[in-house]
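Next come the structures, one after another.
One chain, chain A, links the two complexes that follow: it is found with chain B in the first and with chain C in the second.
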Partner chain A sequence: MPTIFIDGQELQVNDGENILEACLNAGLDLPYFCWHPAMGSIGSCRQCALVQYQNEDDTRGRIIMGCMTPVTEGARFSLKAENATEFREAVVESLMLNHPHDCPVCAEGGECHLQDMTVMVGHRDRRYSGKKNTHRNQYLGPLIHHEMNRCITCYRCERYYKDYAGGTDLGAQASHDHLYFGRHEEGVLESEFSGNLVEVCPTGVFTDKPFLKQYSRKWDLQSAPSICNGCAVGCNIAPGERYGKLKRVHNRYNHEVNGYFLCDRGRFGSGYVNSDARLDYAGIKQADGSYMAVHQQQALETAASWMQGKKVAGIGSPRASVEANYLLRELVGAEHFAAGFSEAEAPLMASVRRILQTTQAMIPSIKQIEAADAVLVLGEDITHTAPRVALALRQSVRNKSFELAEQMGLPQWQDAAVRNLAQDQRSPLIIVSAMETRLDDIASQCISLAPDQIAEFAVSIVEALAGEPSSNKQANQIAEILQSAKNPLIISGTSMVHWGIVNAAVAIAESLCTEPSGCMLSLCIPEANSLGVALLADKSSPSLPDLVNSPPEVLLVVENDLQRRLNPQQMEQLMSAGTLVISMDMLENATLGASDMVLPAASYAESQGSLVNMEGRAQRYFPVFEPAAERLPSWQWLLKLAALTNHKSLSKIEHFDQVVAACAKSQAEFTNLVDAAPDQSFRDRGLKIPRQTHRYSGRTAMNAGVNVHEPQQPHDHESPLAFSMEGLNRDQPAALTPYVWSPGWNSNQSLQKFQAEVDGPLKGGTAGVKLLQSSASGATQKASCEAVEMQAHHWQLVPVHQVHGSDELSVNTDEIAEMAGMGFVSLGAAVAHKLGVSEGDGVVLASGGTEVSLEVRILQRVAKNCIGFGLGYAETLYLRAGSLATLAVDAQWQRPQPQLIASDKATPDPIVAEGGSAHV
Partner chain B sequence: MLSELRTMWEIFKHSFTKADTVQYPEEMPYLAPRYRGRIVLTRDPDGEERCVACNLCAAVCPVDCIALQKDTREDGTWYPEFFRINFSRCIMCGMCEEACPTYAIQLTPDFEMCEYDRQNMVYEKENLLINGVGKYPDYNFYRVSGMQTAFKDKGEGRNEARPIDTKSLLP
Partner chain C sequence: MSKSEMIQTDIGSVLTAEEIAEIDAELAHVPYKSGAAIDALKIVQANRGWVSDQCLQGIARHLDMSAEELEGVATFYNLIYRRPVGEKVILFCDSVSCWINGCDDIKDKISQTLGIDYGETTSDNSYTLLPVPCLGACDRAPVMMVGDDLVTHIDHEMVQQLFASAEQGSAE
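Right after this comes the complex of A and B.
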């Protein structure tokens, strides 16, 4: 560890880091703009200037850029030297020449890195009297608002969007002080990770559009540590609430999981929490089919009386917490508890569970995925099934360039130099899939095969790895690449609903484990808590079809829309008059509509629980605000129900921590669950962790419209967080970090004050705990997979996952619904040509007795005999993966008109300047 | 001894000075225009609400008696959907006025706010808004800000150049 001197202070710094990082690690405030811990340095903003001295006698020194200067033994710097401070102030002054007078009407105000840095360097008065440059804004879709005047040309957006996230439709245009960051023409940003621009931009050029509609300042948001329930990656998020509405979702740093970035589903997909379709009151179905609203207690008593002495079964949910599912299992008994998977999904999840518990391969975190130097993806379009993993894969292919840089003695953070050095050289990423994927652009090899053939192909790779070169040359070649890699990674998952693919992927990983390099294996699973509920289900648990065939007298459904898991006949049979169905859920859906009693459940933002992500990591989410009306978290409904039915073990339980403890005790897999986050007795310096900032405003006025007598702040008896501004948000365990803020650092850049070191874990460790320990006994199972037999003029249906559209909950958010569009069918160009349809036309797809009209999307790369269907859309609800389908042109099809939502009209039609952007 | 006598003399002298106390309410005292009393929301010279719902008044308020919610008008400008001051909490410190970047919130010399019912001390936007510019006759925030609105295109604000044509190669 080299020793450097900053203003005479001796510092031990890490080898290979730059002075900016060293300063931040030492807790010194050195302003910066363009540097980002995940994206390295390019030295473009000239803000992190210091003075470097030759030796002890040098008194003049020279100005250097902190982010571009590596630390060297004995180097001497000054942060406080007059020429350095003057230089930094001059840089901000020049940035301010064109910065508009917008702060009061800017959504970045109050959490703006530019505001912070301006105050930090001490710039105050404008000396320049010339005119300010202005720019036209662009419409960038329903998620991102563009206000180009505010740009300080730090290039962070372009470096994030293009270099880091692999987007192609946003970049720098023009030159000198005409520099412009935007698309070549107005339009929706294509990247699934565009939302991170909001956090990456140090000023207000890119802001959160849905948040802007119901805007509140950062200091006014009540936040709690939470976990995204959009997919099984389990990204850590920090949702913010004000006036009882969930306003926005920000990234919450987790060193091992999501780091600094979220996908757009996670960031923008929580609007359903404020939806009008949310249930407020419990209801009991009347003879005429309508519901009568009843009070909580009345509903519970009725439910208890229904359940008394009857045969009760329960259906859990892969999107409900471990605790809610556990309570349901205990309440109805394991032999009556269905995990709530569909018929096809259930055996897949059971085998994923078994694989994770027995494989010799390492189950990697996202941080570890970024370190892979050869990746094989089998059957998944990761960008749509586990988006954050795809972003990590985009980093993993850069390991080749880091390797080259190391040979040249270049540090990794020299971003521009490292990219220049590597040019197009990337670590191998091989994608074997039925259709083109969003990662094709960085893949070294893309192979299009039907699902059955993917499994077959993977088996020939296994054979090649075992030393028996198969007749398939590509497979031999891939085996060679994987064998020569230092840190190979195999990615597969359940998205094709194909057992053979998963099993073959595991077999590849297992055989690579015999090599000294070992192997990483990552399996994508469908929903936020799929693994958690799979762990709760055991062999005696019935499947959904079992329940359909022998319906119970009373059925309890927890947060599960069975319409998505059963076909219409099964659904009708299950919900038939003979069974009393009690459902709890958030949003109106078909299951609630067919139930005899509905109970309003709290959303993730109003309740507490644990989710188990795809790597077996249990993470806790906490309520951001109190549930409105008579909503209750599912675990509380179930506990109250248990108490009323005098359940022998559950009726003694009152609190959340007791549920967690009981769950941990019930099953070896859940032993660590108690460590996912501190229990409610945790206190920091005698106080709970505050959900509100120290500058939370309006406390004596926000309720005064209703009653001037101020209510007491609600008490949270279940968690170590308080609905209050009292307490310290500092140095607490990472699982309890509701927001980041530090004196002088109002923006999200204050995160560095919470990290133990730059880009390292938080000072309070890493949130969450791994539940599963693999026995490493080997996981491969010989299995026979029945190949789909093709028929003439038939195509095999392949599910196409969409980051916007396939998820059950997020699509109830207006902006996400707009992004999702309508149900579609994906065709190869040849098939489309044969049918005589083009992009946007309609076709009638017939499969298994259902006939639907779908929009055509044309893909470049599609496996032979395969067509894809957009998964999760209302139109495609009853299409099943792997079944055969026929296509015909839809004569009645009308192309949907592009719709403008109200927010787009807020800014008036752009008046085009002379020769302006309309000429594109 | 001398000091004590002097003190007594000084106090005695005060018996002959004019009293500052007046017989309020029969006799109204003079209040300077900058006296800090009841808070109002003013309008810009064009007659539009000045408040842009930036939340700075609420943030700076030491008793947290201001609450508001931002919304956007059809023309692209920001305004408060509701704006509430709980005068039963207000201490008339004037920090909201100092923080206001648009001169919207201003304190007036009216201090006579007596109510039998405390609930009546809660003022909503319609109670706060006046039909005038208050102390600052000619300030319109949107003329200065860089934001495009229905009535002001990019580059038409004060001290702004015409929008840049990114396709041009000219310097």
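Right after this comes the complex of A and C.
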């Protein structure tokens, strides 16, 4: 560790870092703009200037850029030297020449890195009296708002969008005073990760468009540490609320999971929390099919009376928390508890559970995925099935360039130099899939095969690895690439609903485990808590078809729309008159509509729980605000039901922590669940962690428009967080970080004050806990899959996952629905040509008794005999992966006409809404 | 046009066969296709006077670049014209040596003679007037380029002489 001197202060610094990083690590406030911990340095903004002295006697020194200067033993710098401070102030002054002074109407105001840096360098008075440059803004889609005049030309947006996230449709245009960051033509940003521009831009050029329509300042938001429930990656998020509305979602740093970035589903897909389709009151179905609203207690008592002495079964949900699923299992008994997976999904998830518990391969975190130097993807379009993992793979292919840089003695953070050195040399990424994927652009090899053939192909790789070169040359070659890698990674998952692919992926990973390199294995799974609920289901648990075949007298459904899991006949049979169905959920859906009693459940933003992600990491989310109306978190509904039915063990439980403790005790897999986050008794210097910033305004007055009496602040008896601004947001365990802020650092860049060191874990550790320890006894099984038998004039259906559209909840957000479009069928150019259809035309797809009209999307790369269908759309609900389908041109098809879209909405939402702190 | 024909023709390039041949000749000299971006833009501009959106998209497609990426290159250079220009572009130097030698006055004279300011084109489409920081002929200041010709030691008479016909032309 070299020793350097900054203003005479002796500092031990990390080898290979730059002076900017060294300063930030030492807690010194050195202003910067273009540097980003995940993107390195390019020295473009000239803000992080210091003076470097040649030796002790040198009194003049010279200006250097902190982010471009590596630390060297004995080097001397000054942050405070007059020429350095003047230089830094001059840089801000020059940026301010063209920056509009529109902070009061700018969505970045109050959390603006440019504001912070301007104050930090002491620039106050404007001397320039000329005109400012202005630009035309572009329409960039429903998610991102563009305001180019505010640009300070740091290039962070372009570097993030193009270099980091692999987007191609945002670029730097023109030069010097005319520099412009935007698209070639107006249009929706194509990247699935465009939302991060909001946090990457140090000022207000790119802002959160849905947030703008219902805007609040950062300091007025009430936030809580939360976990995204958009997919199984489990990104940490910090949602913010005001006036009972969820306003926006920001990234919450987790060193091992999402780091600094989220996908657009995670950032923008929570609008459903504010949806009009949310249930407010419990209801009991009347003879005429309508629902009568009843009070919580009345509903609970009725439900308890229905359940008394009856055969009760429960259906859990892969999108409900571990705690809600656990309580349901205890309430109805394990032998009557169905995990809530579809018939096809259930055995797959059981396999994934078994694999994670027995595999010899290492199950990597996202951070570890970034370190892979050879990757084989089998069957997944990861950008759509586990988006944040795809962003990590975009970094993993850069390991080749870091290797080259190291040979040259070039530090990794010298971003432009490293990229220039490597050009298009990348670490190998091999994608074997039925259709083109969003990572094809960085893949060293793309192989298109039907699902059955992917499994077969993977088996040939296993054979090649075992030293029996197969006749398949490609397989032999891939085996060689994987064997020569230092840190290989195999990625597969359940998206093809094909056990053979998953099993073969495991076999490849485990064959590689005999090599000194070992192997990482990552399996993408469908939903936020798929693994959590799979762990709760045991062999005695019935499947959904079991329940259909022998319906219980009373059925409890927790946060599960069975329409997505069953075919219409099964659904009808299960919900038939013979069974009393009690469902709790957030949004109106087919299951609620067919239930005899509905209970309004709180969303993730109004409740507390744990989710187990794809790597077996349990993470806790906390309520951002109190549920409005008569909504309750599912775990509370179930506890109250248990008490009323005098359940022998559950009726003694009152609090969330007791549920966690009971769950941890019930099963070895959940032992660590209690460590996912501190319990309710945690205090920092005697106080709970505040959800509100210390500048939170109008706490007692903001609802005066509804009620002039000052309501008491709600108390949170279940978590160590308070609905209050009192307390410290500092030094607490990472799982309890509601937002980031530090004196002088109002923007999200204050994160560095929370990190133990630049780009390192938080001072409070890493949130969440790994539940699963693999026995490493080996998870490979002899594959015996029934291959799909092709028929003439038929195509095999392959599910096409969409980041916007396939997820059940997020698509209830206007902006996400706009991005998702309508149900579609993906065809290869040859098939489309044969049918005589082009992009945007309609075809009738017939499969297994279902006939639907779908829009045509044309793909460049599709496996023979395969067609894709957009998964999760209303139109494609009853199409099944692997089944055969026929296609015909839809003569009635009308191309959709442009219509009023979410982003055209003129009227903002009313300021005061029901719920939140107004409801006690 | 039938639907199947549309599939085949909608990716057709707006570039002419000659342009594509010239660009392909440049491609032989560069290790990456995008390395020929500037040359390709110059080829199209030489042929058409400027680079339209459609041409830019066509070049981008031909070089496997995104339109945004090529737009970044095209707009970086002042002398790649992304808007139509007249038959001849007047690049008028307004840098320091020319300024000392009275270029402001000359510029006024040109504007007056042709009836255009910086960035404008004469109504008969013969000239576009653009400022340029330096033409490397400071010893002969004030200077400008008219089309491909360097004009040095400009004075009012020369302006009159050069643009008299245009003046008549635009007056007609």
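Here, the second predicted complex is superposed on the first by the 899 of 920 C-alpha atoms of A that agree within 3 Å, B and C clash if a C-alpha of one lies under 4 Å from a C-alpha of the other, contacts with A are read in each partner's own complex, and residues count from 1 in each chain.
In this text, contacts are C-beta pairs under 8 Å (C-beta built on N, C-alpha and C of every residue); 3 or more make two chains touch, one makes a residue touch a chain.
A quick note: this is a predicted structure, and the numbers were derived from the prediction, not measured.
S.K.: Thinking of the overlay built on chain A, is A:A594 touched by chain B (first), by chain C (second), by both, or by neither?
M.R.: A:A594: touches no partner chain.
S.K.: With the two structures laid over each other on chain A, which partner does A:V803 touch: chain B (first), chain C (second), both, or neither?
M.R.: It touches nothing on chain B or chain C.
S.K.: Does chain A have more residues touched by chain B or by chain C?
M.R.: On the superposition, B touches more of the residues of chain A.
S.K.: Check the residue A:H184 against both partner chains and state whether it touches chain B (first), chain C (second), both, or neither.
M.R.: Second partner only, chain C.
S.K.: Which of the two partners, first being chain B and second being chain C, lies in contact with A:M435: first, second, both, or neither?
M.R.: neither
S.K.: Please indicate which partner A:Q173 is in contact with in the superposed arrangement: first for chain B, second for chain C, both, or neither.
M.R.: In the superposition, A:Q173 touches chain B and chain C alike.
S.K.: Could you tell me if A:V352 is touching chain B, chain C, both of them or neither one (first, second, both, neither)?
M.R.: After superposition on chain A, A:V352 lies in contact with neither partner.
S.K.: Counting contacts the way the document defines them, which residues of chain A are shared by the two interfaces, the one with chain B and the one with chain C?
M.R.: Touching chain B and chain C on chain A: residues 173-174, 178, 180.
S.K.: Name, in rising order, each residue of chain B that touches chain A in their complex.
M.R.: Going by the criterion above, the answer is residues 52-56, 58-59, 61, 63-70, 72-78, 82, 84-86, 88-89, 101-102, 118-119, 121-122, 124, 141, 144-150, 153-155, 157, 159-168, 171.
S.K.: Inside the complex, what are the residues of chain C that reach chain A?
M.R.: Residues in contact with chain A: 2-4, 6-7, 10, 31-32, 53, 56-57, 66-69, 71-72, 75-76.
S.K.: Report the residues of chain A in contact with chain C in the complex, numbered from low to high.
M.R.: Chain A reaches chain C through residues 162, 168-175, 178, 180, 183-185, 423-424, 829, 832-833, 836-838, 841, 858.
S.K.: In the complex formed with chain B, which residues of chain A make contact?
M.R.: Against chain B, the touching part of chain A is residues 100-105, 109-110, 131-137, 147, 149-150, 173-174, 176, 178, 180, 212-217, 219-220, 242-243, 695-702, 704-705, 707-709, 905-908, 911, 913-917, 919.
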